[in-house]
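Here is the structure we will look at, set down as structure tokens.
Order of writing sets the chain letters: A, B, C, D, E and F. Residues in each chain are counted from 1.
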Amino acid sequence: MFPYLKEAGKATFQDRYVKKANELLVPWDGKQAGNIGVIGVPLSKSSISHSGAAFAPQAIRQALSFYSTYSIEAGIDLADITVTDYGDVVMHPTDIVESQRRIAETVEQVVALYPESKWIALGGDHSITFPVVSGWQKQKGKIGMIQFDAHHDLRNLEDGGPTNGTPFRRLIEAGVIDGSQLVQIGLRDFANSRAYTEYGKQRGVTMYTVEEVYRLGIQTIIEKSMQMLSDVDAVYVSVDMDVLDQAFAPGCPAIGPGGMDSRTLLQAILLLARYDKVQAMDIVEIDPTIDFRQMTSRLAAWFILQFLKEKKEGDF
Amino acid sequence: MFPYLKEAGKATFQDRYVKKANELLVPWDGKQAGNIGVIGVPLSKSSISHSGAAFAPQAIRQALSFYSTYSIEAGIDLADITVTDYGDVVMHPTDIVESQRRIAETVEQVVALYPESKWIALGGDHSITFPVVSGWQKQKGKIGMIQFDAHHDLRNLEDGGPTNGTPFRRLIEAGVIDGSQLVQIGLRDFANSRAYTEYGKQRGVTMYTVEEVYRLGIQTIIEKSMQMLSDVDAVYVSVDMDVLDQAFAPGCPAIGPGGMDSRTLLQAILLLARYDKVQAMDIVEIDPTIDFRQMTSRLAAWFILQFLKEKKEGDF
Amino acid sequence: MFPYLKEAGKATFQDRYVKKANELLVPWDGKQAGNIGVIGVPLSKSSISHSGAAFAPQAIRQALSFYSTYSIEAGIDLADITVTDYGDVVMHPTDIVESQRRIAETVEQVVALYPESKWIALGGDHSITFPVVSGWQKQKGKIGMIQFDAHHDLRNLEDGGPTNGTPFRRLIEAGVIDGSQLVQIGLRDFANSRAYTEYGKQRGVTMYTVEEVYRLGIQTIIEKSMQMLSDVDAVYVSVDMDVLDQAFAPGCPAIGPGGMDSRTLLQAILLLARYDKVQAMDIVEIDPTIDFRQMTSRLAAWFILQFLKEKKEGDF
Amino acid sequence: MFPYLKEAGKATFQDRYVKKANELLVPWDGKQAGNIGVIGVPLSKSSISHSGAAFAPQAIRQALSFYSTYSIEAGIDLADITVTDYGDVVMHPTDIVESQRRIAETVEQVVALYPESKWIALGGDHSITFPVVSGWQKQKGKIGMIQFDAHHDLRNLEDGGPTNGTPFRRLIEAGVIDGSQLVQIGLRDFANSRAYTEYGKQRGVTMYTVEEVYRLGIQTIIEKSMQMLSDVDAVYVSVDMDVLDQAFAPGCPAIGPGGMDSRTLLQAILLLARYDKVQAMDIVEIDPTIDFRQMTSRLAAWFILQFLKEKKEGDF
Amino acid sequence: MFPYLKEAGKATFQDRYVKKANELLVPWDGKQAGNIGVIGVPLSKSSISHSGAAFAPQAIRQALSFYSTYSIEAGIDLADITVTDYGDVVMHPTDIVESQRRIAETVEQVVALYPESKWIALGGDHSITFPVVSGWQKQKGKIGMIQFDAHHDLRNLEDGGPTNGTPFRRLIEAGVIDGSQLVQIGLRDFANSRAYTEYGKQRGVTMYTVEEVYRLGIQTIIEKSMQMLSDVDAVYVSVDMDVLDQAFAPGCPAIGPGGMDSRTLLQAILLLARYDKVQAMDIVEIDPTIDFRQMTSRLAAWFILQFLKEKKEGDF
Amino acid sequence: MFPYLKEAGKATFQDRYVKKANELLVPWDGKQAGNIGVIGVPLSKSSISHSGAAFAPQAIRQALSFYSTYSIEAGIDLADITVTDYGDVVMHPTDIVESQRRIAETVEQVVALYPESKWIALGGDHSITFPVVSGWQKQKGKIGMIQFDAHHDLRNLEDGGPTNGTPFRRLIEAGVIDGSQLVQIGLRDFANSRAYTEYGKQRGVTMYTVEEVYRLGIQTIIEKSMQMLSDVDAVYVSVDMDVLDQAFAPGCPAIGPGGMDSRTLLQAILLLARYDKVQAMDIVEIDPTIDFRQMTSRLAAWFILQFLKEKKEGDF
């Protein structure tokens, strides 16, 4: 009505030839959905150490607004993709197990409604991967998992319950996956204990350390990993940002040296997204309250865009 | 549809018995409006010194979410008030004068549409007061102005154009107000120059320094000020947050010691809002990018709530 | 053995005539205890909003090291007092209710062992007051409570379980105290809802708002409060640091303007500690991860020292 | 006069065998000039997003003080070079177009006075490149430009006027350069739109993406770029620091992942400075107010020193 | 020569009717001097705890640039005063005692040259007061000292040498002053030890605690203090910023609650400057590296301006 | 005694299968010692520029708590190693030379007591290397030194005494080592002066610049360096963290671009630790007060763990 009034917070500069990546996200209207769905999972009270990862879904969405929809490298414009934003799962303030139950139930419901959709879950801490995958797997049959992580996340459940150190243990022990369906990439010195490495090996988990990533090259590792998972129906990629060196992902609770660089991980996501079987991804362990200039959320936004780029290239 | 899904960013804790103050803000639908309107004016390129005051309208709206609608002191609940949020005026990236023209035009239009409404403008820097008041005054006849400020803001326009140091000079010289219709409260040592104090006095501006505020008491000053403005049709209150001591408003560009404390200013707003003639207010010179934990925006949120409380008490 | 070697982290400057206040704290050896006990309760996952209050017990202990044991105002030196530090209660990473159960059980046990001791509990968020008082009250008979807080903390338990918004509701509904045994001081505008104010009034809670604190004076309020509690056997003082204005306690999760100043609250603690019946205190809602230079923990350290000063003056 | 008194702010440690790089800068006395001139262009109100790049000229000058004049790699000492510091162009507080006019006029004047000098302009945001190059080109005939940037900066001027997104569009459309005289290096995904990539291609702009930089190697790209510009009279290098990955240049407004590393860009500057035709450089888009420990300005200081090192090696 | 070029770092906005306070400072040319001299004493390696107070002289000078020369409260403009800036004393990097010797020697020399001048020394930590006063006293005869401080600074010298905890002990023991010539104002709980309070009393030091400041009023205390010093030839005021409450001086190494507010201290300086005998002042214990937005240096700038205002009023 | 009480500050999550690296440190009991000793040397007043490196020993010890004892790359668990923590050397507050004397004396004493032990000294600034090596060498005979550093640290002693710019000059001039026994790796442009490079060459110091590190590869350089030192009895490795690029070690006082990356330095430590002759290491120039999230201390913790890993592999 009035030419210079815009909705609160929206009066930012608009260039008519530029679409910002956050504009790809369209809130779900309860009726229709695009080829890809995003769901926020703001849980971090489950973390062993203090974490504000619950703020990451919003930080990542906002970080998308810093980027455009156009890939000059690939000559692809994502401007015509619709990414359905299902919003966030509501957490219980004082019952962490109930929060995880809500996540599983909600993911199961939305995936059941749109089984053909690809999914991106925005954590939260890594504990969310158990309920998210539990819910998602119900529609998918036999699944494979590729986990980028400095850590195994195979801790026992007696000592602390379903923390962010346990999701892959829980997936195995609940029978959602067999150990042989899990590939861990980027495992790091002084980030694990021998007991859990041995547990994983006994369960048949495939493991690549950071040194192996640099020695073999990320392309080889991705190829071998997908080969390992050749008999599954669908693959879920779980990206714990702390797989990266602290110089590249300063906003993870468990930062440290000796990790992967961001170029390599960006390349890995691209390579994985080319496989039709790769149908879901989560991004976890970003704490925006301790990040520097939301660098780690900006990286997460790029992971989403890399994923979309390849999925569009492959026509979903 | 799904019990635990909420729109992105809205999945925060809800207590059924608590209404948060930001929920009072209802985006204008182009049709109906409440008794009070809020409009964001995100301009700060006009500032003499570097300022991110353009981020303040959103920071203040968000700060309202930290508070409830209930005043235990007055026994008043604002829960049933509707504050219409007209959104923000869109600024021009490289033409500051055009931005100020848009502000004046837009304010004139909305005030013309809802002449009975009370108004709260959220700056931005103090330069916005000239276009906002210019637009508002067109519907109001003879107006009075009460300015809380460490500074006169009566600078010449030759040296820097329409900066945040000039709004009251411009209002006087454009004939929107006469100097005698302006009361300045909280003027401070080492924040002004003799030339501008003298200019103001020649124009008949009423001036109260910080020491006078403490010597006379804020109640006396408010009463004398409103008496001084007894023949105007409507009064506009302009709150430059730097009237406060740096300990209470750490997020203003021009912080310093020797200013008012926040209790006194909160009291002043309350006393002013009791007058029917006080029909508009702006809050300016908050730079959220340099604030500590948004303290200064939190204070601005309280000024809005104090204003609403008294306006509701007086049945608008 | 070697003259210039000291235990890791202890090689700081020592003036032979100065005792630092943290040296008053002596870890409990399982055998003997001093007149006053300190216990850390590092729980903050129970908070409605993100909180690192679990780090406060250590931050407060460390803040004591910034101060000496000597009160020049009172001419009293605390150097010969022994404060027994019972350490911290171990929290469960993912079971908040279990953590609260451990707090209650542990406090009950230590108080049973040393029923004559005075106690200072270091939160943590305000949810800890329910288990701490539940455990402490078992040895004390009829108790009174004086709560310094911007908020009632009388929220319903259905919406979020035992959060930091509920401890006094729980104490009343569990029958640990009757509403008439509770005095709330420092209640603030826009920090509560009418429903909970009414609930408190129905239960007979005594309430003083910030404006009443300034109108009546803190001394009068303390006297009236203790009179109100004249028939109880022991009084517990619960200090939620957010009762203070944000300028004085920048490190509380729920900061805001319009609160008490720190001088007034320091005076209140002093006046209360003079009563023999005042036998326990907690200090809650400090989040060291968002504080400025640990100012809020430094203040907490002073509350402890003020308490000790008067208790020593009264010979415990 | 007194042995231990030094001018305010200069009383820092002096090692008789070390010359600090900032001491190379000699304020212009209006009479004589060295082989290389530095000019500060503190304009950032022209930025699309909030920017304090106006503080960069001083931050970069100060960063030079952290380094010495000696290159151990090349065995070259810059100690005997004189870099004339022409100071800063004075900006208009509220008229951005006027500020840009002043820049063009001033640069034209100083270059006319010292046409043989090499020049380094310190932005400011990227909008300064249009007026700086416009002024400089007047003495230079046909020029070539090598732009390091994640972005094209070829935006239309209708939507926002002469912002930092437009300088190369303006240079082309004003006829200062033809598109074929422009080489862009380091263009990045999600930082541009297809429309502007196409505009550039139509105009004959040469483009190298980040992936091409890594695939071809920076040396090859520099050689091909200079070959492309073999028929120009002089080459101007424009360094937008956001061409770097966020891990290496944390202080740019538009940071993001996927960019060049600093070693590669340092190498590129070195290679370019070896060409006699390369006679001017600007460094833009550093916002010292959001940087971490002035890292990005420290890098800019190194770019200047690399440039000087090669120019000295080539005897200017 | 060129209309829009200004010396590096000086191209800031200039309003022809405003003089900034930092422009009052004129570097000493070795020949002439104004009525008041400023000297920087950047020593803080002498501090017991880690301190960057060596950066304060520059921070305070810069803070003056935030303020003007005009006092609206007093109707006085300082624009025509010349404050001679003698620069900074050069410190030795590894010999703290030598640094203190240089301070004493330098101050003695400049005071001998301009014995009629008033002096303001900018620390540095409080250890500088011993050499500064030692040098200054040589020209002054019997002197009195008024020390604003939370601490006595009367520590023994055996335990740590001439730290910032010892200057007044040293002055007394070196016979520069007698204890009876020293008045300490603002002494605080938990900031001292009984031993040093007793030492001071034995030496005849006059002491006022914070509570006494509030009980008696600052005016009474200043009057009594100056009466106590009625037989001295000149009075030196030493302002340790940590006499203030942490809310008002967040940038002191030894911050804490329970201190004076800034209004009271500003008033105290004003009252003292009215006495002709008050002829020198130092401001110490500001660490700009840990301050918030240079608040504490801004306050120091005001102390200087308050001092100048009254000295001008009294015609020096 | 009580199941949920733990010593103050120790009540953190414990996984029964994980040992944290800080638990390897066992305070020296004056009787027994492990194969490796750690000693803290908290001296940084000797630094040319302001430095809080005195806080690094504690920051590094704490950073060890972020990591486990298990190397998945090597399949080695350090859990059964005992690292004896000798604590910190007590510094003199105002006598830097005395502090350095204490360091030398203390190191000499402990090394004499346990001559077979390997040693890790935690600085502090680089000045500590002179006293530490002086003390250590007394038991070792002819020693070699490998210094990772952007700087020579061969400054003259006349200008500033024994600063952090002088330790290797002092070692040479005191005859502790001959220049030919010193290898400097990672020397950088604009970080040194020609005079000191020449001094080093005259003394026979072996020098590798950053470019040489990248050109030759770190493995070659380590091999050549150890060959160069083939006739010494023991090798000491001195790691100045500023040898790293600012992106990887943001917490050094003298950060800058153009440095080594952390992977290369981690590799270098590993390669060196494999040599039996490498028997001591120091880590210096980390200032935790200016670091980002203790990244630089985390890296130091990894250096210790890399060192331990290889030493265990080689059975000490």
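To be clear about the criterion, a contact is a pair of C-beta atoms (placed from the backbone, for glycine too) under 8 Å apart; a residue touches a chain by one contact, two chains touch by 3 or more.
The structure displayed is predicted, hence computed values, not measured ones.
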Intersection of contact partners for chain C and chain F: A, E
Both-way neighbours, i.e. chains that touch chain E and touch chain D: B, F
Angle of rotation relating chain B to chain E [CA atoms, steps of 5 degrees]: 120
Centroid comparison with chain B (C-alpha atoms), farthest chain: F
Most remote chain, CA-based centroid, reference being chain C: D
Matching chain pair for A-F (criterion: over half of the contact pairs shared, by residue number), options D-E, B-E or C-F: B-E
Separation of chain A from chain C, taking each centre as the mean of its C-alpha atoms, in whole Å: 41
Distance from chain D to chain C - Cα centre to Cα centre, in angstrom: 57
Multi-chain contact sites of chain E, meaning residues that touch two or more partners: 13, 48, 93, 160, 163, 247, 292
Arrangement of touching chains [line / ring / star / complete / other]: other
Contacting chain pairs - touch in the sense defined above: A-B, A-C, A-D, A-F, B-C, B-D, B-E, C-E, C-F, D-E, D-F, E-F
Of chain D, residues touching chain A in the complex: 48-49, 155-156, 159-160, 163, 165, 187-197, 207, 209-211, 245-247, 250, 254-258, 290, 292
Chain C - residues contacting chain A, complex: 45-48, 50, 52, 54-55, 92-97, 160-163, 289
Partner chain B, residues of chain E touching it in the complex: 13-19, 21, 66-74, 77, 247-248, 262-263, 266, 292-293, 295, 298-299, 302, 305, 309
Residues of chain B defined as touching chain A within the complex: 1-2, 4-11, 13, 25, 27, 30, 39-40, 42, 57-58, 61, 85-91, 93, 102-103, 105-106, 109-110
